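As written, the chain order gives the labels A, B, C and D, with residue 1 at the start of each chain.
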């Protein structure tokens, strides 16, 4: 029996029609970029944004690290292209409440803040909900100790003038990185980017980090540039100690350049301002969104891709894609490349106007199904649901079954099935077959 | 390699055991199958009585298949699955692990040795490991002797 | 639904010892859903039994069948021909199914393969908990929808005993204290005042099993 | 007078009552009862006779109570609903009344799986509230439970119950005592008190419900023998809370048992001051010989002579 893992019987796999319609959840730069690209190709796009303004997390940014443009202006242009195009519809103050069905027959229920509901039937769903930031409270009073976003704002406001904080001139700035989110690149990128600008304004800059993370396109160059311009870098093992002085903050950090631990000296960096990277965290609302979309979450409650070995923008469900900071906190360049990857994938999926399921495919014998929900609960791709026939609630009949009758039984959606066979192996009624 | 020859002195006078264990090896198509192909291409030494059963994912293997293989004549059953947290279908090898655990409980009640069933995690390019593990398993099963539960 | 779990393997082996050909009959309803006696679990048990008997040199032939519901006479009678071929039946359905076979096959020994455990609910996949004792006289309306007869170790009707600690029962610390649940629910339903009413002694004798096996006869339904 | 028992008279007379506890022998050795009675006689107003406490099989509480009467003390017969249905309990109440037993404490009983007959079938035909109500019906209506059937004779029982202010849900604890009051309980003995703050909180809830006016509350006190015992109870006995400060005090004491007695006396003096507390129930488990000392040092002696 075990020799016949696949039944050789071929089943007719009907293509599911895919209309050129996409639902994008999240109106940040990722969602907007995907929308703009898809709309250009004639896809009807609906953006659902929970807030009242577009832009998301990028609204806190003013400078790119890798090009001179102003982020806000660039984003303004992006927003205006959306509002021009006829293929894009933006719903603000809106949330996805339900998503039923599978690829080809998704039914999305959107509720707007005024309580109105709207049902959409998109062929693909793109999740680009971003993440949230929380200020780091390194010093209880917050005096002379600001977040990276606030520094971004100060820089934007001062432009060609010398930097000032609360009317006082700022001459020395120390950046402290890696107090939280030890594993992401944003803090390094923002700090070096801001350091270079500050240096040009004549400030003296130090960057204190556990590990600098420069593995983003062009960052090594910028880092070298910063060093050449005289930005000081210190690495730490033990977090630096902050204390107020008469006219600033002293940041004490052990100088790690000496190899022998006992020879290391404590360096005191007297600073007018200390900049600390905010904590990035998964949006708590992601949990509910994942329940609605039947998606997986990973560490810290962030959205998790299907399989990192394959395409990182694929979710565990066919037709649902993920991009940007909802997966993990990213810099704009990384997010945009994910947005483009999603566009590629969606384009490939919608290209022929239909999706033809590929073997192997699992199928439930409705006559044997006991509706125990085992397969529904265990399917890693949420491809199985229980099919009801109207209001009838009946068990599978044992022998005779009218072909036209839909009994209540589990049903595997061929277009959503990945053919792994987990359900086949778990079914207590042995009612599922994997067809070749 | 002359494995049988090396053994002979230990048996001391007794005729060489005619027992050659039969192994049923379930191979995940994401890892075990390519590894098996590599082993074949490299013409690596593998046990004589070997039945390879390809599966789309190790999560496809029912607990019942593990028992049926033993009942149907296997002296040992091996599952070649992907490394943990590396399943193409996310949960397949995790489900397999609990099923193998359950099958081992049943084997204990039947009176079969736990060694007759084992998961081996490997990658697509582990052709050498694949063959080595099977040879090692065959040796182990030879020591254990024939599966007393098989009906064949 | 009815929840069951497989009997100890040695116990089954022991009472099947005299036979060399049996039928293992599963059930497609409750015991399938709780992974105790559906087609898959029946086949696993059959395979294990065959190997165990082979191992001791006394092979056992096992036929397998899984009627949709063993507790319905029509389904049970489908087994007639097969039962004619064997010396005994091992039924992995609940105790009801075993007795349906007993009633219809008076000359065949029917053995239970599972312990019928309780009427319960799936709390998560693979975990079931008792919810109802089929006492025949439902009081859930008095107890905020949580049954102390099934869920309190002492079947207390008027509040928690002194062994309720941090929401758990002192007898099995993984079990929720039914009265904590009743209290919490009454509170969230805004019905705490109802807990001050004394629930009188339960009339066990009228509808419960204490007055003998119960029977429901709907005259209008009889044919 | 409901029963005319000594305990009832002590309460009616406005005295601060004292009861203790006596565990019957694990067999028919009446000498055990005698030895314990000798430790207690004269120091308490009545003594609780436990009913297979912690589900360990012992001599029945009725038989033991009868012996205690013979030995010149007043028993408070405990009765648990765990082992008997309403038929057996009413029958036993007839017998108990006939043997001159005048006080009863109605309990649910510890779960049988804690004892030495774990494979027993528990009964729980009634719960403690329903048992209280049944005894009250028998006494006041002079009928059997739920029936018209008249009882031949009088079941004059002073009816007690238990309360545990330290179990959960705390908010329900006073309500449950109020239910017992409504069911007809005359006095309540509490679980042993170590967490005085929580006990006082519970007593406030009892007063807010007006229960203290209908029912005599007796505070449960158990002297600690050692810090080890305190730690064990705090960790393993559900429904007992012992503040860390108390455990520390026991641990730091030169002699744990002496400190335990000292704490116990302080506790008695403290609960005496609480409005609505009409007595103490001192449970000195297998330490009955200390009752004399404790009652004397706590100023509870001499016990009032009634009649």
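Heads up, the rule we're going with is that contacts are C-beta pairs under 8 Å (C-beta built on N, C-alpha and C of every residue); 3 or more make two chains touch, one makes a residue touch a chain.
Model, not experiment: these values are computed from the prediction.
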item	value
Path length in the contact graph (chain B to chain D, fewest steps)	2
Most central chain, judged by mean C-alpha position against the global CA mean	C
Contact-richer chain pair (by C-beta pairs counted) among B-C and A-B	A-B
Between chain D and chain A, distance of the C-alpha-averaged centres to the nearest whole Å	64
Distance between chain centroids, defined by C-alpha means - chain C, chain D (Å)	40
Multi-chain contact residues (two or more partners), chain A	378
Touching two or more other chains - residue numbers and ranges from chain B	62-64, 68
Chain C: positions in contact with at least two other chains	40, 43
All chain pairs that touch each other	A-B, A-C, B-C, C-D
Contacting residues of chain C [partner chain A, same complex]	28-29, 32-33, 35, 38-41, 43, 66-69, 75, 122, 125
Sites on chain D touched by chain C in the complex	82, 86, 108-111, 113-114, 122, 124-130, 133-134, 145-146, 162, 164, 166-169, 171-172, 175-176, 178-179, 182-183, 191, 238-239
Residues of chain C defined as touching chain D within the complex	153-167, 170-171, 177, 179-180, 183-184, 195-196, 198, 200-201, 204
Interface residues, chain C side, partner chain B - complex	9-10, 40, 43-44, 47-48, 50-52, 54-56, 59
Interface residues, chain B side, partner chain A - complex	24, 26, 51, 53-57, 59-65, 68-69, 72, 86-92, 95, 99
